[in-house]
Structure formats: structure tokens, C-alpha cells
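Shared between the two complexes below is chain A, which has chain B as its partner in the first and chain C in the second.
For the complex of A and B:
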């Protein structure tokens, strides 16, 4: 059994911060002192009792926007990760079980998609698609599912030749049973440790896209978009843009610490990533 | 020598095929919209007549594959078309920018590659010690940092507070070398930091892998000096994985350059791409996207070829 005292310090810190970020995202409207778009003061006021983090480029409370930003950032990243996982793993398992031409075509197509840097291809596609949250989640999720596909296919190919799967096949179970009842439960642990890494990747990709002005559109804001809004203050020595940027880093590092710990716990299992 | 040449030729041919497939994908990626480019340029309020005229002018009435081959033919003869938003020839606007981007990436690579290898070696030398833990910790942290945090922290301290370097990297043609270097100091540092940690971590893993192998242990046990163990046994075996790591990260640099150029308002390919994505200028996006993909694939091919040359075992595939 997992005992709480045996969790390494790094993982504990990661867990605490990840939980804090999640709670902030969930209860954003209750925590935020001001509204999302509410103009409450002068432009780029320094931090004060009223505005703990100061105000932004339009005189909105930065702390409130950070809290709402946590919600937008985490919401989109979670949905994109969920999409990339369900799509990638189902296709990956299916390719491994079905094999033949399906496997061949899927795998070559994924190779092709991965031959273009994700950010570049996302930019190419977003140049014609309308900019809204739904499109954003779809693009991020589908592009990222290529990596999940590779991992889950590799894991499933190993499991597919094990005795219990052979037994199920001989029993006459259908492919759906093989994939969801035999392979999925056994492939779960390497996939779960990958989950954290893919989530971080989604957060960073979303932030980059929003920073470039192609992600979440104003007045809604995620952290990457807030960096963009406040970046002009930097040359005047106003560090408002650094706060959302640091929040992205903090979220990514906390999740990374947790993922690293999960990864280390599952490396001895089949399909783990070894000493990565 | 002949089998090596054959392998390299095969790899090159494969790369060309891949690039061709990627060009189809990039072209297809800009065709997935239910409407078309004419619609997105003119907006929802366009009259049907204006739409029809623009479609005619842009050749949008041809089927997609005809347009693809026209585009591909143009690209192969150096004609990238004209930008919708400005009407300028894309190839001429790109030339200077491509040079700027390569200049920036070159200096970032010159600094980051040796630094990463030295730090990776240090981490292996003092394995599990303080230095190794520090390096690994920093590596873990910096893979989680967004490029713009690194970029703006550099601007905040070195351009605004200390005023050592300009925060906006303006470069122009005929700029003296010294001034140009000063202008790119901060973006090059940001890029270096973006790729350094990952490269270092992978170098460490590659060297560690070699150092733990049986032949290195044998070499140590037969009494070779540490220097000779590394020179004769560890280094020749580690060089192929290290080349791979370096090339992989240089490819990563190509992506990082997009965000870094926007941070420092540097007139390169990345800035050009982002500007024209926002303007929905499809011909420019296709051209720049293809160039980025070509560089990325090219670096991967070079990595493979270098690995084949450095590692005799790869010359005899099963």
C-alpha cells in the first residue's frame, strides 16, 4: 500500500501546489475580489492593499484576472489532454489489436504529423480556422494525440501477445472487449504517468498560442494571453507580465514533480519509460 | 565506402518523400475550412460578386489538387506566390528574414551545444553528487518554463534595470557586426536557455548509458587511465547519441525561435509567420510553414546521417 510518509518531498510540494491551482480554477468566482473585466483603478498600478498584485494594462485587478485565468488555462488544457488521450489511446490500441493495413496507415499518418513541429502546424491550421475555444481544444487535442498514439500502440503491442489476451481471443471475445477489458486496464499505469507530461505540454502550447494572439481571445484571458496584454509594460519596468508567466511555470513545475514521481513508481511495469 | 553512400542516399530520398508528404499536409491543413480563403479575407458582409471576383483572381475555382500542384510547382522554382495582405512577393520578403532567423539560431546553437555537452559531462563526472542534482533540478524546472518567461525576465533585468542590452532587437541590412551581436544578445541567450536544459539532460543520459556498459568497465579494470577510457572507449560510442541529441534540440530551437522572435520583435521568420497567421494570409503561412518543416526534417536527416557515419554498427542493417 501507498503510505503517505513515503512520498518524496518534491512530490508532496507538487501535489500541494497542483491541488491549490485546481481549487483556484474551480472556485474562481468565489475567490476573485473583482470581476473578470471590471476596470477598478489606474493603468498598471503597483501592488497595494486593494490590489494585491496591482492592476493590468487597462486598470483591471491583476489578481482577479489571474484567478479567472487559472480557470481558463486549466479548463482548456484539461479538455485538450482528455481529447488527446481518448483519441490517441483508442486509436493506438485499435491499431495494435487490428494490425495490418489499419495499423500501417495510422502509424505512417502519425509519423507524418510528427514530422512538422506542433506549434508550426497549429499556426498553419489556425490561420484558416475561426478562433474560438472549441477549435482551440480540437486542434491542440488532435495534434497532441499523435504522441499518445505512439505510446499506447507500443504498450498495447506488448500486451496483445500475452497469454490472457490470447485466451480471451480464443474464447471468442470481440475486439471491443479485447481493447477495453483486456488491454486498457493493463496499459493504464504507463499512460497515467504520461498524462501529467501531456497536460504540461498542453498548458505550454496553449500559453504560447495565446501569447502569440492566436489562442484565447479577449476579454476572456488565459495566462498566456495576460502576458501578451501586459508585455508592453516590461520596457517601462512594470513586471505585470511576469506574474502570469511565472504562474504558468509554477503550474507546469508542480505537475511535473507529481508526474515524475508517478513515472518513477511505474517504471518497473511493462511499457514504462525506463529511467527517462 | 559504397554501402555508406547507399544508406545516405536512401535516407536522403526518404527525407525528400517525407517533405513532399508534409507539403501535401500543410496545403490540406489550410483547406479544412468549410468556407474558403476569399470568404475569410472579405469577411461575412462581402457581396457575392466580390467573392466571385476574388475567387477567380486567386484561382480558387480550380479543384484542390490542381491548386496544390500549381503551388508545389511554384515552390520548386522558387516562386512562393504573393502575400494577400500586402501584395508583395513572398520569396523576396522571406530572404532577409530567413537570414536573420538563421543568424540568431546559429549563435544560440554555437553557445548552447558545447555548454550542454560540458554540463552533461560534469553531471556524469559528479554523478549523484551536488552538481548532478543541481543540474538535473534546473533541467526539470526549465523544461517547464514557457519561453516568454525566460525572455521577459531577461528583458526586465538586462534591458530595463541594468540597460546592458536593448530590449527590442532591431536589426537592419548592412548593420555592423558588433551592433548586430549586441542586438541579438538577449534573444540568443533566451533561446540558449530554452534548449540547454533538455540537451544537457539527454547528453547526460547518453554518456551515462555508455559509461555503464561492460566494455568501459573492462577498460577500467585492465588499468587504463580515466582519460584513455574516455578517449578510446566511451567517446566514440557516445558520439552518435550525442549528435542525435544535439540535432533534436536544434530542431526544437527552430520552434522556440517563433516565440522568442515575437518577444524581442526580431525581424525573422517566426515574427513573419505569426503576423500573417493573424491576418489570415494563407499563401505566406503555407510558404513559411513549409520552410520551417523543411529545416526541421533536414536537421533530422543530418542527425541520422551523422549517426550512420559515427556508428559502424548502423551501416549493416539487418
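For the complex of A and C:
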């Protein structure tokens, strides 16, 4: 059923760019012309045959750092999103199905976490805890999962009162079947659309944290950090800071194009056999 | 009789109407299908034409075409629609704007969904008159109050100040009729205005509509699938099927001497022969003095209810909405633990709460719902839906399970080809059949049927009832059959419990319950079932001893 001719243009563009970003991230060491922290030229050299995108504030090749940066940025964002989704959706569904005090405690706790601005909360936690990738992913994932929790709970509460869920309860089905087989497939559409958005928020949050100096630590490269390193060049008309910024934007758009397309396919109730 | 008249003689003159829509069949190129094939009709001032047919017959589509409107994706591709001598299909946007709400008005099936919940009723009733400038606000409101009175709404001076959720469903339907009449149109299109109502409420609304039509001299297109209803209000009846005209004639001719085979089927649809079984000696399920309430005891919806069900027999529970019949089902299944009383099953008390019942107890009680499309998970195939009880209760897997699913599909008269279908790919009747198969898969002793046929077309409902009776003979399963439709009860029940405001007012075997003398409520229910007889409505209204609870 999945013929290439039927994929809309937007989705094709999104797919191509997303794949490109992913491949770059996976094969970074093979593609990058220079090493990650290698100083190979003058500070802020313009683009040339040797340095396709020029060099950065320390004279490192910008293209190589972009490629390594893709790896770090996407790796952390993917893991943080995966964590926030598994945590948020499972807890959200459980809260909706179980109800009562469990729902009450979970929801108020999430309200509490959401009452504090994410960035400030992350800054406080990260400045206390050791700054390594594991802690970073955990903090980002847990903070993001509050949003996913609220969405999944709201969706699941609606589905939970449908007759087919009642029929499953009357049959004597356990909570696991109800959550994963009755509710999850029907909650997928809003969750997929949220997935695209959440991934991008992860990239942005990571970039913001790195920009503020609490995310990925030098010499490791990530796009947000690279904007920070090169931001002073902007006043001298040097575009080095804009390139990672543009990459963040491009990733955001292409991932969302793909998410939209997946969304269109999953809303179909006829198993992809009709356009209904 | 139709085509000879000139347009000016007839208020509405539809000629060779053709309506098409684009469909997207799976795996094929999109193509056009024709919904209405060259239908012509005429309607004189002050006359009522009933359009009748099953879902998909094109009756609503034809009705809406007299407003120059096609529902999402539907296009009027041929023919002419004359109203007061003007072809409205060629009159453009401004012509249609002048027409709608002024010359032609529309009354929708679900008044509850058609009113804007955020505005007061009066504002919505007079809106069309004000927009068309047919009078000042005061004049329009005066007219509205007069109409409220005519439609016998309670407190006509002040009911307009209420919001839609503050009046009952039957009243709302009458307010909607007032809204249509308020701008003094020449034609009203009634689209199944009483289908969603209880029989006892339906009779009030029907009478109100009929009086209003007579007194205002407005013409009407009355769309319904219930021939008995349309026989009460219309002068002529047009029978449609698959977008084609089947038969068109005077009301008396259609119901007394139908000329077409299909019309004959519609007229005779309610007859199912079912021999009443004598109750056995021991009931296997007894409901004893059950009182149940919502909101922690605040609202008592069941008061001291006791009924018995015998193996392989059908107990019908009858009543209007709000009489507590569905709550009785919820108490039996354990979804709503009763406050007092209990349910005994096979001689031992059944746990009140669902969570305390054993898997085998759960297996013995199965349920079929009113709305088959929400009773099935839209993301599961028919195979999964029917196969899950087999896996769950009997641990069947793989080939064995598939074979049993195929066997069950065969029982419900559907082929093996349906195993991979999703619910969205089934028709209404097929969906309900799959739900029946799901219930049967558990090999239960009792199936609770909650209004299983009320969302279906008469012919389809007839098929479902026959299937249920046949399965009862084969499988010796008992039914607790909840319905508000007495025709259904007469055709399938062995014993009947009549419920009114949470209490059982009459209970016994079918022949006992349906034998006079009746109590006031049972008589009201019985006399409210529309009969296919001209003049039934007037007789029924005159003979009533009590008001319906929904009024």
C-alpha cells in the first residue's frame, strides 16, 4: 500500500531532509573532513575550498563541527523525546483508566512541575547535578513528559468512557489490555502530532541550555552551543552563528512535515485502505 | 399527475433532479457516484409530502435540494428546482440567501445538536425573521410566542428566555418547528423530526407539527423512515430507494394498496412470529429488590426493582428514556453496584461490583449496545473483535480461533471475507451483527440487549431481530431486552417488565402484560406506538389518560 507516488510533496521533502540529518548524525566521523576539536585555520575564515562553511571562533572547521553537532543534538533530543513519551503517555493513560487518588496525585504533581518555567527549572537542576549527557537527557525527558502526560490523560479520559472500553471492562480485561490495546491505538493521532512538536521542543531546549552554558559542554559540539560560540561574530558580519541556527530550523520543519504525514495516515480508520 | 402543471401552479416543482458525489474507493481512482437519479416531484401550497426510505435512499439529499443545499461534497448536477416559479439552482448566492429561512425553512433530526447552546431560544427563533427584515424584533417575538402556544409548549411567554439545555428533547423539537414557522415560510423541510424521540414524546410532537401545518397553511416535505409516522401527517407519500423513485401516491393508496414489492415490504415490516414460552420453574438470574443511584445515593434511578430471567427466554424491559431501564442493565452487569438488593445467578448471589466477579461469571453475562459503531474499537479488525473473547475466556489461539471466528461469522450471516475488515468498513446492520457475534463468542447464558435495533432502519432491524430469535433457539441463550419500541417487544418477548421513573409498574408474561385492563402508563405506552392507519394520531391523542413523563 505504501507506494512512493502517493506520498505528498511536503512529506517527501520532510522525509529527504530528516533522513539526511539522521544519516549525518549516524555516520558523523566518516563524513566530517576534520576532527571535532581540531584547530585547522584562522579565526572566522570565510568559506573556501578547504573549509566549505568557513571556520569558527577558534579556527575549527565549521562544517565538521556542524556534522558532529548534528550527532550530539539529535542523539540527545531523540532519547529525551522517547523518554518523555513513554513516561508521559503510560502515566497519563494509567491515570485516566485508574482514576481516583492515583489520578489526583499524579495530576497535581504534574501541575506542580508545570507551574515552574521549564528552562528555569532545568537550569536550577542542572547547576546542582553533574553536567553529563545522562543527567541532561533525564532532566529534559522528565520535564517534557509533563506536557505529554496532560495530553495523553485528556485524550484517554475521552476514550475511556466509550462503549468499546466498557465492553472490554465487562469482559474482564486487565488494565494493560485496556491501556495498550483499546486506548493507545485510538490515542495515537494526537500523540503522533505531539511527537513531532515535542522533538523540536527538545532540540530547542537543548540548544537553549547549551547556549546558556549548561547543556553540552565544550569541546563537544552541538548546534545551540555553536550559536553561542559564534554569536560575537554577527556584529562583524560573520555568518558562522547563523549556520547552526538555520540547521535547527531546517530540522524542526522537516521533522514536522514527516509527523504531519504520519498523522494523516494514522487518522484513517480503514487500515489505510481508503481515503476516508 | 406531476409533470403537466406549470411551475406557477406548484409551490415546489423538482424536475429530473440528479445529485452526485465523488467517492474514494480503496485502491481505485476516485469516481463519481449518483446519489439521486432523475427524481421529479411537485408540491402544492399547504400540502404535505412524505419522503420515505431506508438510510442511503437519498431522502434527506432530495429534501435539502429544495433549499439549494448539498451536504459536504454532494453536488446537484442536473435538473431544476422551482420554488414559487423561480429556478433556485440558477439564482446564485443572493437568490439562495433570500430563499433560505424566508421561503423555505428546515427542521433537523436532532434539535439538541442543531441549536446553538450558547444563545437563548428566543434569539435563535427570531433570527431568520430579523435577518430577512420581515418585521421588527417585537413583532417577531410576538409571532414566536403565539407559535409556542400553538405548539403547546409550557409557559410560552417565558420559554424563549431559556437556553437549549434547559428544555427537554421533545420540547426542543417543537421550538425548532416554531423557529421554522416564525418567518412564515411557504415550505418547511422536516428531516426525521421525531426519530430521536420516545414514542410517548413523539406523539406530542407529531400532533403539534400537524396542527401547526394545518393552521398556518404551510407546505411541508416530511422525511422519515417510519411509514406509520408519515401516514399521520402527509397527504401524499413518495417511496425512495437507492436514489430512485419507487412509488408515489396518496397516503391511503400507499399504505392500503401498495403497488410495488418494496413498498409492500416496508408496510408489512413489523410482523415477526414468535411463540411465547411459558416461564420455567427456576429462573437462573433474579434481580431482587435492587435500588441503585448515581452520585453516591443522591439521585435514585432504580427503586426496589425485582425481575426474573428464565433460561433461553427473553425478558423485555420497556419504558421511556429516563425510566431506568439502562440503569437496570448496568446494575445487572455490575457497572453500577446497587445500593440495596442483589442479583442472584444460578442460585448464588453475584458479587455487586464488577471487579469482584469471577471470569466465568463475566463470561455468562454479555452485552450488546445501542450504538454498534462506538461499541467496537475502530482500530481493531472484525477478526480481533470477535476473536478476543475466544482468546480471553477459552484460551483459543491461531487456527483454532480463526476457525471459530469464521463459524461465528457464518452464524450471523456474514462471510469469512469480513475477518480483515475494520468497523468503519461495515454498514450499520453488519456492525450490530458483529457485536452479536462478539457476545455469542463467550457462550453466555444471558445477553443484555440495550436498544440494539433503535438506531437501525426498520428492514435492517427486522433482520437483526430475526437473527436474535434464531440464535436463541440454537444456543439456548436468554435475553434481557431493553427497548422503548413496543412493536419490537411484541415480536420477541416472553415476559415483559414495564418501567416508569425507576419502578417496575407492570410485570409478567407477555400475554398477561399485553392483556387489558391496563394501568395508565402501560396504556399510554401502547397507545403511543404509531399504527399504519390514517387518523390514528387524533384517536390516540383523544384517548390518552396521562401525560408522558418527557413532556
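Definition applied: the second predicted complex is superposed on the first by the 243 of 276 C-alpha atoms of A that agree within 3 Å, B and C clash if a C-alpha of one lies under 4 Å from a C-alpha of the other, contacts with A are read in each partner's own complex, and residues count from 1 in each chain.
Following the convention adopted for this analysis, a residue touches a chain if its C-beta (ideal position, glycine included) is under 8 Å from a C-beta of that chain, and two chains touch if they have at least 3 such contacts.
Computed from a predicted model, the values in this text were never measured in an experiment.
Student: Identify the partner contact of A:173: answer first if only chain B is touched, second if only chain C is, both if each is, neither if none is.
Tutor: Second partner only.
Student: Could you tell me if A:213 is touching chain B, chain C, both of them or neither one (first, second, both, neither)?
Tutor: Only chain B is touched by A:213; chain C is not.
Student: Now for A:164: first (chain B), second (chain C), both, or neither, which partner does it touch?
Tutor: second
Student: Going by the contact rule set out at the top, does A:22 touch chain B (first), chain C (second), both, or neither?
Tutor: Neither partner.
Student: Which partner chains sit in contact with A:186 here, chain B, chain C, both or neither? Use first/second/both/neither.
Tutor: After superposition on chain A, A:186 lies in contact with chain C alone.
Student: Across the two complexes, find the residues of chain A that touch chain B and also touch chain C.
Tutor: Residues common to the chain A contacts of chain C and of chain B are 275-276, listed in rising order.
Student: Applying the document's contact rule, which stretches of chain B touch chain A when the two form their complex?
Tutor: For this pair, the touching residues of chain B are 18, 21-22, 25-26, 29-33, 37, 40, 140-141, 143-149, 152-153, 155-156, 159-161, 167-168, 205, 251, 254-255, 258-259, 262-263, 273-274, 276-278, 280-282, 285-286, 289, 292-293, 296-297, 300.
Student: Okay, in this complex, where on chain A does chain C touch?
Tutor: Answer in residue numbers: 162-164, 166-167, 169-173, 181-182, 185-186, 269-271, 273-276.
Student: Give every residue of chain A touching chain B within the complex, in rising order.
Tutor: 112-113, 115-121, 123-129, 200, 204, 207-208, 211-214, 224, 227, 231, 234-237, 239, 241-242, 245-246, 248-249, 252-253, 256-257, 260, 275-276
Student: Please give the residue numbers of chain C that touch chain A in the complex, ascending.
Tutor: Spelled out, the residues of chain C in touch with chain A are 24-27, 30, 333, 335, 354, 357, 359, 362-363, 365-367, 369, 371, 374-381, 388-389, 392, 420, 422-425, 438, 442.
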